[in-house]
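Letters A, B, C and D name the chains as they come in the text, with residue numbers starting at 1 for each one.
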Amino acid sequence: MKNDVSDWWSTEIIDMAPGQIRMRGHPIEDLIGTVSFPQMIWLMTRGDLPTEAEAKLFECALVAAVDHGPQAPSIAAARMAVTCGLSLNGAMANAVNMLDDVHGGAGEQAVELYGWIDEAVQGGQPLEEATGTMIDRWQAERSKFIPGFGHRFHKPEDPRAPRLLGLVEEAASKGVVSGRFAAIGRQMQATLNARKGKPVPMNIDGATAVIYAELDFAGPLARGLFCLSRSVGAIAHGWEQMQQGGRNKGPTPPAYRWTYTGKNPIGE
Amino acid sequence: MKNDVSDWWSTEIIDMAPGQIRMRGHPIEDLIGTVSFPQMIWLMTRGDLPTEAEAKLFECALVAAVDHGPQAPSIAAARMAVTCGLSLNGAMANAVNMLDDVHGGAGEQAVELYGWIDEAVQGGQPLEEATGTMIDRWQAERSKFIPGFGHRFHKPEDPRAPRLLGLVEEAASKGVVSGRFAAIGRQMQATLNARKGKPVPMNIDGATAVIYAELDFAGPLARGLFCLSRSVGAIAHGWEQMQQGGRNKGPTPPAYRWTYTGKNPIGE
Amino acid sequence: MKNDVSDWWSTEIIDMAPGQIRMRGHPIEDLIGTVSFPQMIWLMTRGDLPTEAEAKLFECALVAAVDHGPQAPSIAAARMAVTCGLSLNGAMANAVNMLDDVHGGAGEQAVELYGWIDEAVQGGQPLEEATGTMIDRWQAERSKFIPGFGHRFHKPEDPRAPRLLGLVEEAASKGVVSGRFAAIGRQMQATLNARKGKPVPMNIDGATAVIYAELDFAGPLARGLFCLSRSVGAIAHGWEQMQQGGRNKGPTPPAYRWTYTGKNPIGE
Amino acid sequence: MKNDVSDWWSTEIIDMAPGQIRMRGHPIEDLIGTVSFPQMIWLMTRGDLPTEAEAKLFECALVAAVDHGPQAPSIAAARMAVTCGLSLNGAMANAVNMLDDVHGGAGEQAVELYGWIDEAVQGGQPLEEATGTMIDRWQAERSKFIPGFGHRFHKPEDPRAPRLLGLVEEAASKGVVSGRFAAIGRQMQATLNARKGKPVPMNIDGATAVIYAELDFAGPLARGLFCLSRSVGAIAHGWEQMQQGGRNKGPTPPAYRWTYTGKNPIGE
């Protein structure tokens, strides 16, 4: 009878006995003080330890996405939450929950789209052609929005993208990664600019997706890791708002209110 | 009129202009590839960059707390969530929300209690006496539960605690931190063992709180950073559960159900 | 300058001035004590007030779905949450967040599938044929899972379904609703039973979707209203768990733990 | 071995067998179509069924609190959430999570404070004196904020409060409730107005708390039921926002941004 209960929850991630904890087979006390936090994240999500050089590149993606300011719904939610009485765990939960398909899913989607292009290129199609074909396919099958490109604010360029691409190419030159996905990202940039006749800047999702794809992370992990990175911003902003005070802080200053467009308005 | 709207959300954390992002005054492209993820977390939450040695010790706390298995409500929630159709952001949100006062607040509370003891010691009271006094005060004013000590599973010792304390003392010997809070933690261990007449092992909250207190993190940040660390486990377990499949997975195998203790039971 | 801020949030739902609140154009003090809670829910989500008979049928769907016990991930999450220190708002949030596509989306999906069949029937196709065609289409385009039918526990019949269908047919006989969707639901039941060669019982999602479709609720509202109904169970169970006590209650009794299937297990 | 697993989750709320569901001992099919939604909520949270008159008064509190517009953090969160890609369950979760101590806890607190006054009055203290004493005690022991009174917007009066109090007094005149808590609410209003020298209007939390106290609901349920009521607003606003469209909608119009107050601003 015992096994059917224990088996209901089964995992390759962690094993425990009184006084002992192993993560992916490693005693926890051998990991603490030995591996970096990015190495630990990699180990937990994938089961093996990365090389130092892989971990270094991975770390760049984690560092790059921590925050984009209080107009992002995730960060606004974290700040509002603490004025409603929530502790930082609740503020983080509200922030991270916001990172759904539209706000946090672009990295996952970009990893998938890059993968389509890569598969076509591995199958012999020239990069430029494969990129065009797969952008068309994405728009036909998924959405008119191309994940990872375009920004309503950072024009002509999101400052994080060229820095991250440069670091990928540096890593590729040392054999850490293949550089195939950096090439795909650059080609997508060229194709989209040409199609639109104006810059459609690669954004943070597009750039970190290059890194996640180079390092062979599954798409859903790209989303999870973006959430982890952005959680840092949620903590920082939630804590700052706690120190600023405020109670039940709404989205706009109270004097403005909203516009009522319905039946029988007050004052008529 | 413009300023009253912009001023509604005000921050020292991030500044932006088209094509430019500064975090705590640093251009983002200067941080990416240069600072480690722990350094970035420190910068975002506190405003300044730690030394390498400080960042190293901080990293140990982040690495140590990533997971405690699927019986933790946080991890169970993450795993259930993906079987209900949620993406990893939703699974993480449900996990982190769970880390409230009882499940995730012990680190924050321990930082506070250690601080009381430290203040008494700085004011001239001997450590052993101050520890006893402040444990009594905690139980009188707050709760019978002493935060950071005791474990229903890891007896006689949580394997993470001695490793973390050892690393703090190593850092203290090099002048990175003072070592005052490691001493407080050890004294608390001695006092509690003596009072109970059996081991009351320092747990992960108690041990990471020593690090957070040594590094002068505010209590609420200790909770936020624990949530960040445990988010890694939520991602890993959520992703593993996604790969295992399952739909609407409940807490126990369906054959067991629950015990009904109310009026008019079925079958009577 | 004022309008662009106020216009950022615009709504037909609520208007306010100091001392005045109007919901969908009705002064709030005219609604309180006058309309029932189901009528208010209808008014808020749709903009108009239902007849008493419509509200009565709507109410049946709200009453029927409040709970399905602590093995449902939503209810388990609510109960765990309070043992982690969350108040009832946090317990409800964790419960409702669980009600995503797999756990809470079947009603929304069933409304859509019923709508496909209804459109085909309105266009002249016989009901039995339209039902078969649209079940095939659903499985080809969406999922092998037919929303609203099948239950791992209630065999051969979910006790809520026949009661709800009976009430719809009673309402149809009085001209409150058309009864078209009750007929579609019954035909789906017949078609699925015949295809599987055994009962594939209409479940709570399938039955409430008949009501929501009869009353012309949009699919996404069917999901939202199911969440509202199940929130009642989350409150009841969260509150019961608060009174039972418990700290950091995991999914299974602590003695069982989980099964570790990974590398380098402890004890080998 | 079986019992220790089933007993891990134990409840008086729901019993099930294949084809059978009982809520608080009542077969579900006997409740559907027979009891109102408010009666069902009462049954689930308390275990017994209210009289029609009790249910009617209870319903007034549920109807009154459904919404307070998009400047409330809860409603803003629901609206933002759908523009981030969340379904209504996720939007509701983010909204309800916001209803913590500051945003959603005032009703629970007011039930408690009213209870203190009532106990003093039952013990022989005159109402006016007891009210003053307990307001002082609340401010000394809990918070300078008196729960349930004061409104930054509705001055001199929240339109919901006099309507709700009137309905309580009507019910008291018929012997449905005692009317003791309505008297306490009115005395608190008088005392606070006198102390402040200006109107400190009883707000929705203060008014619904009178009803919850009259009907003998425990304080934590007052919070939970407020969350249930406000969930209606979250559904209505989330659904309206879905129809309006929008992607990653932040709190203020994008042109405004926020005010940066930190080191090394851009442009200097």
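Quick notes on this structure:
Throughout what follows, contacts are C-beta pairs under 8 Å (C-beta built on N, C-alpha and C of every residue); 3 or more make two chains touch, one makes a residue touch a chain.
All figures in this text were calculated on a predicted structure; none of them were measured in a lab.
With steps allowed only between chains in touch, the distance from chain B over to chain D comes to 1. Matching B-D against the pairs in C-D, A-C or A-B identifies A-C as its interface repeat (over half of contact pairs the same by residue number).
Ranking every chain by how far its Cα centroid lies from the centroid of chain A, the top place goes to D.
Computed from the mean C-alpha positions, the centre of chain C lies at a distance of 22 Å from the centre of chain D. With centres defined as mean CA coordinates, chain C is found 31 Å away from chain A.
Between the Cα centres of chain A and chain D there is a gap of 36 Å.
The set of chain D residues that touch two or more partner chains comprises 2, 5, 8-14, 16, 20, 69-71, 76, 90, 93-94, 97-101, 104-105, 153, 251-253, 256-258. Under the stated contact rule, the graph of chain-to-chain touches is complete, every pair of chains being in contact. By the touch criterion stated above, chain B contacts chain C in their complex at residues 1-2, 5, 69-74, 76-77, 80-81, 83-86, 90, 93-94, 97-105, 152-153, 247-252, 254, 257-258. Remark: chain B residues 2-3, 5-17, 20, 22, 24-26, 47, 90, 93, 97, 251-253, 256-267 touch chain D in the complex.
Taken together, the chain A residues at the contact with chain B in this complex read 4-5, 8-14, 16, 18-21, 23, 27-29, 31-33, 35-38, 40-41, 44-45, 59-60, 62-64, 66-71, 76, 79, 87-90, 92-94, 96-101, 104-105, 108, 153-160, 162-164, 167, 218, 220-221, 223-225, 227-228, 231-233, 235-240, 242, 244, 252-253, 255-256.
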